[in-house]
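There are two complexes below, and they share chain A, which is joined by chain B in the first and by chain C in the second.
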Partner chain A sequence: MTTIEARAVPTAVPRRGRLDGLWSALAPRATVLRVLAGVLTIIGTYLPWATFVLNEGPYPDKATLNFFVDPLGVTGFRLHLLVIGIAMIVVALLGLPAAGRIIRGLGWGTIAVAVINGLYILVQGGGFGAVTASDGAVAFGAVVALVGGLVAVLGGTAGGLGAKPELTWRLPWWAEWLILLVVFAIVLFLVAGVLTSGGQGGVVNPYAGAVFLSVLGALGGAISALSASGLLTWVSAVSERHRIFSVVVLLVVALLLPLTSAGTEYWMTVAANIGVYAATAIGLNIVVGLAGLLDLGYVAFLGIGAFVAANLSGAAASEIGIELPFPLVMIISAVVAGIFGAIVGSPTLRVRGDYLAIVTLAFGEIFVRSAQNNIGGLTGGANAIPNIPAVSAFGQSFAAPLTIGAVKLPSGVLYYVLIVLLVAAVMLVFANLKNSRLGRAWIAIREDEDAARAMGIRTGPVKILAFMIGATLAGLAGAFFAHKTGVVAYDSFQFIQSVTLLASVILGGMGTIPGAVLGASILFVLPEKLREFADYRLLIFGLALVVIMRFRPQGLIPDAHRRAELAPDAEDETPVVDVTT
Partner chain B sequence: MTSPILEASGVTMQFGGLRALNDVSFGLAEGEVIGLIGPNGAGKTTLFNCLTGLYAPTSGTVSSRGTPLPHDPARVTEQGVARTFQNIRLFPSMTAEENVLVGRHVRMKQSPIISLLHGPGFRKSEREARERTAELLEFVGLARFSDELARNLPYGDQRRLEIARALATDPSVLLLDEPTAGMNAQETEATRQLIFAIRMLGTSVVVIEHDTKFIFTLCDRVLVLVQGEVLVEGTPDEVRGDPRVIEAYLGAPPDEVEAQIHEAEETQ
Partner chain C sequence: MLSTLLSQIVNGLVLGSLIGLIALGYTMVYGIVQLINFAHGEIFMVGAYGGLAMFTYLLPTALKNHWYFALPILLIVGAAVSVLVAVAMERLAYRPLRGAPRLAPLITALGVSVALQEAVRVFYPNATAAVPFPTIFVPGTLIIPIGDGIPIKYSAILLVVVALALAYALNTFVERSRMGRAMRATAQDPDVARLMGVDPDRVIVLTFVLGGALAGVGGILYGGLYNTINIDMGFQNGIFAFTAAVLGGIGNIRGAVVGGLAIGLVKALGGQYLPGGTAYDYVWIFVVLIVVLVFRPQGFFGETERVRA
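Moving on to the complex of A and B:
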């Protein structure tokens, strides 16, 4: 019984440990500290952030000395800080039950924003002078905001974190529907906002990476505060009560993305690419997350799907040179990938754990080397297979802009719609299988293979099915990928891609759909956004992974079961977001 | 008597130079409870592994109602022989309900295609499985822990959950490997009641146990396994009185063992 009680929500007891003395010393002044944190954050917002004028345009939203020209016109990351600062003061003075927890979350957000922007300016300005004082100019914005964030974390923790409230409000069904609609609309604008934040990465816009990271930091703080307030849990409980409604609205919301600020050709392409990897990651999630079979060569199935589609779609470079309708191509690609999945899966009857990982790694390498050497003349080798015709339906090419009445949509929108539907279908497959006899058999194998056999599960066929279905989903995504990009080359399917896919499953949360989608989004958007960091791109990428896995080993959106397993204690519970778009 | 519901004939299991089981034969009648006792390393668990198809015996056969059982645990379970493990082997990150649902695997009619599409019959088979699961959890007294993760259950309840999971396969024979290991007197008694209740369902039981008191009060027949061979087989009374058992199995001074046995009689 004790183990069950131990999982109860922690009460308002400050952490025990080496810092005990510090917390008790600060406790009486907690409210003062919390307000002070808010004030410092706001002051930080209004101070200049750089002692030099960054580039000829202002660093995103006036990090320069010229700031006071327009004192109330705070935008960009300073707007985020302003909102956070005000929120801190309001929460501290209202004395909400989970005030400490909320303010701590906001504090971490402030720290993230201050550090990311401060570091960026520091690197651009060539030293600490850039964010403090040099040449007679002062710019303490970053420093003051950072101190504000630290004070918030201290003050939040010192006064007792407070229990995370369990909200049990029940409203009439129409009110709950309305709330869900509003929440999903907000999610839509957040997704559009985060996706486009900082603009397109690369030479055109050197700020993209810093702005994107800063937005992520602020958003992380806000989500963690919302989660601490119990609101997120409540909303997810409401959406659970209206499951079908939520799913329909989410699908509609996803389809509305082209009408937001993300509705340009570039962002539609980025979103479609995320979709490809999200669908593949969900497939991989069956193999790794549910059945617990480590696959290090999974991207090969995406590749197989793509090459099959490339060869059957009338590309001039293809040796086969037949052109089949797209739906048929998709099915054939999926089936072929599925067959290869079964072939790769068959050694799993004999090999377990690390050894299986090596077998799959070897398969991935065999695939990519064969494709590189154009074995069988089916992959085009180093020349790839270019000029794969775009999908078209009813005389409308998917690659061309679309005009419906007065609404003009950029090219790529139709592909985006297609991939949204594809991802939705893949999600449906995953969810249906997970809650079925087969899904339970996979999870049982993951948990204890011998016990699963003793319970009558024929582990061999069940494991091969996991590989087959996972590979089929990847094959579907591959067929889409071939048509969307128009070129299929072997180097899109290297080992690093398999690793990134695996990372996105683990980062997002094993065994969950939103987890795989969020993981794929982050891991495939970050490199896009971080282009200007060139050599440091992978370093930052890797660092971000390490940080996330250190503080959230169960993944960003963990499976309810796994959360219990891997969370160090309920104390460290941070946001669980419902970002399915 | 018809052919036994579970029968081992001449089962020998050789691991390299070690003969873990030597020519073990016994039959289990419908509705019977057999106790399997013997010192550590006597081969009790090895015998279970042979009976359930986890090991293929070096020689000899295991059969159920006259048909030989395959050397594949999954198919043995399909044919109605279920087991629990000496060290609890639940699926720790699944809830109690899900653990038992996995046990329903072999009795559920649900092809992968139907699972995928949640097609006709899916809801029905899920509902039936969940109803049966609820019954079984109620039966072993764990209904209130239905949604609790197996890993979080108290030790004794984990053992009961394992029994519920095995029962979910609708076995005609249940093999229990030390079901009371690590339990206090109260929990042991509850387990004894549970096994009686299982026998009332018509399920035959083979139970491995070190607690002789437990075995003698529970079983119709007792099999004493020593160094891989059946030393004595008979009713609890016969076994209890057999000097060879006292000498070979317990390896303790005879009077101490007798005291233990008397104690068992008194509680009876």
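Moving on to the complex of A and C:
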């Protein structure tokens, strides 16, 4: 199996298929269609979106607003649409390279925004009257914007998508540093903006989910347009040239998040929770993404770390009841989790493939059952271990608000800083391991275990090491988790959590760092925002797993290398024997 | 003492027949497509809820009180619901992934399992907690006069008899019938089977139909035995059944039944005699699972392990 990076050769050939006739018919009018799409999107922006004020209070951004009332009063999703519409017209008229591709991306963004907001108003308003006409009031904003988006996709595709340009600009180093600084600053504000968009989900704020999804849709459109223009590839190439600089700036940017609009106690807690699962997901990524060993009981290691930390925290309910300094506790938790990792990993010497997945599942279940029965008095059973004291350093409790000079920071900031550093450390471990001799051995095993063994890799110890290191990272995160939440209970470590972690690795993209972080963020932010769908959360989640496996098994940010386990690239990896079709 | 032991053995064999019935579905699917159909436990659960819905909302009250009317209807409806769900699952989730790398179908199966369980929880009335299940057979308990007496519910006897009869019927079908021979051929070598004129798609659908029907019947019998069903029953018993299938040698029909009985005995006797009592009886099953997979992955009756990626 070759791991040479096959750069997908961009082709300008229009896609072949049932729609061939349609595309060639539309091709001469492509520019007109593209401009029309922009105009429609802008018109949609300024039409009212709801015929009446919804029961739960006015839908954000003045959904019943009419252009004549307040031409400059567009905010929120309407502002996004306005920007997208203008961008469509500009791109279409300037004739940028890959204009079709860019406009198609923007079109999908428009469709997403129109569908999300339109559906929300439709459902909450109780019928099509809410988004069309009712009682003499008309509100065709959603419909027109949706048509605009569809026309954009049509027009973009019809005129030929055009090759994705490869930008090769080289600038002096200081200019490139400056660009990177600006880009990362924008990323910071985007992250803060997306995180806080719609506010905290819940009964008080019924629109959180819709607003959040709408922002995600608009952002998705913008990102796909940027990616189509080749700018994203260029920026990532630039940051690759200044690797260390980028890493440092990114770390600083992450630490600055509390100073943005996300700097409240609630968002700091959300961010810290994301951090815990991101660190754990990166650990899992070593086992699944690099070594290709499916682990269905991985959350047990997080649990082991958490229970060890809880027992060493001096909490009244803990069996051991001694209090050790937090850094020492972290190390002990990590080591204990690592030892269990080696135990769970030892069957890999004899068991392969999906049988191994079942073995890890069995270990995970044994852990949960034992913790539930308060084994050895160490886990508190159904009573959990409550009242774990907060971490404190230099007399400052991590749970308390912090004031530095004139800057007042919300409580939870120190935990946030700690988890950012922890995740950064975990990423560092992952990145270095991936490019090390060990990492290459893992990838070789993932691609073909027998071949790896033939090449002289001692597959047994190497596989156990994967489990051990992955578990160690999860144990670290567990120690943090115990102190941050203050309560450790067995039901935080059930099978469904293992599946969620696995899903975040798969959704983000196996074997990559940003993938695991992105996946963990999405899977743990969405439930916070979509409280009104809390009942359907796992149902949607299960269906999403099926859909991802069907349509994008390589995840959102795929690894550059070929993956034998999950990503069949139709072009260059047809199964040798296709048994059944 | 003796009667405790004997009644635990009886308990174990009753649970074991049920597990064996579910394990048949696992073992057949694995034998044909080498897929651990993780969602098979949920098929069992869906069958129980389907039958219950029929009983509660559709069955005329006149028929409800006569088990000899209600029971056959319930069994058929439970099996039908399970078959429908199993076939839909195969068609929509698994078939598009044939030929995909190995992990993809397994993760899909996890997703299907979560989705089915949640769908029932969200959409079935009051399914967030355990739901009462009607008595569908002669109520009461038979006491075998040994020692202090060994109680067996009549519905437990029904479960054992039906499970063993169905397993026997399935075995006969697979060994004697034309389609059964096609199934065995596909399991042995799909390519050669196709050259011999076997349509693999038909065989696979048939496998899911048979497994689904057995699981659906199992779900109804389970409900009748315990008089309560919940959405977790699929996951738990599914794992037990998978263990049983592996223990008996996956792909082997007799092995699945023997494995099921063995797992039932481990749970009943382990809960009675091993340290920790019933709180740890699950743990012993998982320990058995790990030990078998590590030391004898081909199970009791399996052939030597195939070379797998």
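The working rule: the second predicted complex is superposed on the first by the 528 of 581 C-alpha atoms of A that agree within 3 Å, B and C clash if a C-alpha of one lies under 4 Å from a C-alpha of the other, contacts with A are read in each partner's own complex, and residues count from 1 in each chain.
FYI, a contact is a pair of C-beta atoms (placed from the backbone, for glycine too) under 8 Å apart; a residue touches a chain by one contact, two chains touch by 3 or more.
The model shown is predicted, which means the values in this text are computed figures rather than measured ones.
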{"item": "First, second, both or neither for A:G542, with chain B first and chain C second", "value": "second"}
{"item": "Chain B versus chain C as contact partner of A:G439, first or second or both or neither", "value": "first"}
{"item": "Which superposed partner A:A362 touches (first chain B, second chain C, both, neither)", "value": "second"}
{"item": "Touching partner for A:E447 - first (chain B), second (chain C), both, neither", "value": "first"}
{"item": "Which of chain B and chain C A:L465 touches, first, second, both or neither", "value": "first"}
{"item": "Touching partner for A:V407 - first (chain B), second (chain C), both, neither", "value": "neither"}
{"item": "First, second, both or neither for A:G456, with chain B first and chain C second", "value": "first"}
{"item": "Which of chain B and chain C A:V429 touches, first, second, both or neither", "value": "first"}
{"item": "Partner contacting more residues of chain A (chain B vs chain C)", "value": "C"}
{"item": "Set of chain A residues, in rising order, touched by both chain B and chain C", "value": "564-565"}
{"item": "Chain A residues within the chain B interface of the complex", "value": "1, 3-4, 7, 429, 432-433, 436-441, 443-444, 447-448, 450-459, 465, 469, 561-562, 564-565"}
{"item": "Footprint of chain A on chain C - complex, ascending", "value": "33, 36, 92-93, 96-108, 110-119, 122, 190-191, 200-201, 204, 235, 239, 242, 246, 276, 279-280, 282-283, 286-287, 289-290, 293-295, 297, 308-309"}
{"item": "Of chain A, residues touching chain C in the complex", "value": "294, 296, 347, 350-355, 357-359, 361-363, 365-366, 369-370, 372-373, 495-496, 499, 502, 506, 535-536, 538-539, 541-546, 549-550, 553, 563-568, 575, 577-581"}
{"item": "List of chain B residues in touch with chain A within their complex", "value": "52, 54, 72-75, 77-78, 82-83, 85, 89-95, 98, 101-106, 108, 110, 112, 115-118, 122, 125-126, 129, 148-149, 151-154, 165-166, 169"}
